[in-house]
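Sharing a structure here in structure tokens format.
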């Protein structure tokens, strides 16, 4: 039986990537999007939304077998050096399984 | 076709309910839990988790046809006067529908 | 020619009114709503919205001939002692009168 | 019947644009102003004011059919990388339609 | 030659005085206003303004021969226990004596 | 009768001007001081003080016929891009005209 | 093989317990200390220190099989309603197993 | 040779003592002052100043053989429950022993 | 008998190292890791964990004979200029030696 | 009789000096240390300590005849542009002269 996965609320904020040649920046953005798709396909990113405003912000529900595994996912992001990421551990809440009325 | 629902990230923090007779407090907590189950059964609360620590904190993904409807759900909570609630509007993010590898 | 009115962004947050008998509290809330309607009818409150969440929060565009007059309007609110009010002075912005395309 | 529009309070703060050649900076400012006029003419920006002080700050009432559409408007701003933008969803408030005295 | 006076920027914020009988509260407010007039007449309060909003806030330019003397003035205020007071020492600025054009 | 002037408390903080050639920086500082003298002579800056510490901070009482006029004064400062400026509108306070003892 | 335990950094701050009869307060403090010894003996609290200052603050390294289990430990504290508790999930760091020199 | 003492910067802020009978409050204040004199006479409080403003604030240089001993001094203060105390450890600085010019 | 060691909670946050040639940056990172191993082997770093998120953050329990000695350890880190480090002194807590049940 | 000196609590934080040639930076650091020794020898810096952590932080007790004179001392520091300095005015506290037991 696979180990139960830990759930996390993860918010990210992307500091503007300045001081890079435009194509270098575009490449990084492409790789970031690609790596994100991999994490989404693998189920490591369960859900993700855009928080409106600037700079770019996201909030996501991520899972991983351990905190270290989650951190490895985050450090694998090409834009890691330009990201501010907060991680909040989550526990189940009784309301998520409401008894029938 | 029902109007598309708006999605919100909602965090709540419950200030300790002091100055009430114990049974009054217990009644409020029961009604709060009951109202929560109703909102969960109706789908208004899509997902909800406990954020560990004190005072009691939750984070949830809630939906409603309008911002006013969401606010009505929140104001219907018996513990509204003891709650600090932050609402963040959410937009879809491309990563939530990753193309096949 | 009446003096040009000053424009202000005004945000309010209502600390829960505790320690009052229920009917006393209901009376205050009614008077607050009544006084609000007067300010709205007089044009002193140009626009007002509810910011979702808890405690009760509003944001409004208010006008007054002077800063002192605005403060008098605010101090006339029955719930003044339970309100946290921030006032930001506003200046016209060129985008508010876009030239024809 | 067009979908009811969502209303937002949007505040912007422009970090000083440094490290660019003067004419490059002037071009960006012109394009930003032009894009702003388009959004104002289209009604996407309903009202906008200058908040006095430095750096440049504005507060505006913006509308859009969805949160994603609002975010697209914001990301279309040429100065997006230099802007700090906060978005607050708005709900109607009873005071905005005062009954006759 | 009297010692040169020290200048201070002093901001005050009055926490709502709750839990007192109305006449007790009114008496305190009267004494506070009375003591304020004394400090103003003595020149200890050079200038004072109301900062709009709630709770009651003021900003003032106060002078005193020493920091201890200023503190004694502040501690003499009947509402001291309900006040949040910040004190910023001031130094002369060259712009305050502009040379003739 | 000239329009009554609006009064403002204005605080400024000067981010260190880095990345400029020394003479360029010295020129900017001279022009800033010159423009300041003009505003002081015109009465737009009524009073100004140095707040001790680093970076350079000032607090001043400024007047202008409108909020927009105040903003124009501030935007005319050569060091505008390096300044953090907060503007607080002021209303008269009864203590500023104490009745005779 | 018992499931690997999760590690958390947990800080607590105790709001002064006011409004209780002295012996009631003393009983609560005794029960809190007793419950603490149980958690320490069980290994749930691995290490705990006093952070000097006021109000009472502690920092501790706690372990639990799941986030929910940790939260249950915290909610079992008699003084839960008077505690502000922050929980930070921890991952192993390479420095904790330095290779021989 | 007595153990070298540790040096600390200690700031205190006294929340207004409300809800106590006047003589009870006066007794507490007297005992607090008395205990303070003991700590000063013993050298545990090396230097102490009043920070102007409200509520009452002090900053002091305190010494103790260990952090636990410092904490015991602080917890011995009769007003401990109404105090917010921050403790900063101090290390010697080369400037404190300037070589002869 | 060696002097009793002082215990500290130390948190570090590493600002992204930008503006350096890649190999220069890699060298610094290697030296930082090497110095960390030395401090761990010497026992100066008792325990250390990774706090998940970005930028890189750690929390550690460090010991040193004096505050100055701890500061010397910190200043010996090659990445000192890119680190934000907070130091909290620790005192023993009674719970760390629970009496037998 | 020399004018009584004003006492100040002064905290400094040194932003890392980046973007300078190493010898330029070393020269600045040497001049800063030299100027510091002068201020210490003159008694302008009465006491100074290192606050552990990063970036470099100090807390000191400084004296000067006027606030302007203190500001002149601070502005004479070669590293002024890289320093964040907060100044708190101090008043004598009764505990600093405890009556005999």
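Some notes on this structure:
Per-chain residue numbering starts at 1, and chain names A, B, C, D, E, F, G, H, I and J are given in the order in which the chains are listed.
To be clear about the criterion, a residue touches a chain if its C-beta (ideal position, glycine included) is under 8 Å from a C-beta of that chain, and two chains touch if they have at least 3 such contacts.
Computed from a predicted model, the values in this text were never measured in an experiment.
Two chain pairs, E-F and C-F, are weighed by contacting C-beta pairs, with E-F ahead.
Centres computed as Cα averages put chain A at a distance of 44 Å from chain J.
Each chain gets a centre from the mean of its Cα atoms; for chain D and chain E, those two points are 40 Å apart.
Separation between the centroids of chain F and chain G, computed from CA atoms only, is 50 Å. Per-chain CA centroids place chain B at a distance of 27 Å from chain G.
In chain B, the residues touching two or more other chains are 7-8, 19, 50, 52, 67-68, 70-71, 87, 89-92. Contacting chain pairs in the structure are A-B, A-D, A-G, A-I, B-C, B-D, B-G, C-D, C-E, C-F, D-F, E-F, E-H, E-J, F-J, G-H, G-I, H-I, H-J, I-J.
Looking at the complex, you find that chain H touches chain I at residues 3-4, 6-8, 66-68, 70-71, 87, 89-92. Remark: chain A residues 16, 18-19, 50, 52-55 touch chain D in the complex. Chain B meets chain A in the complex at residues 7, 9, 33, 36-41, 45, 47-52, 58-61, 88-96, 98-101.
Interface residues of chain F, counted against chain D in their complex, comprise 8, 10, 12, 19, 67-68, 70-71, 74-75, 80-87.
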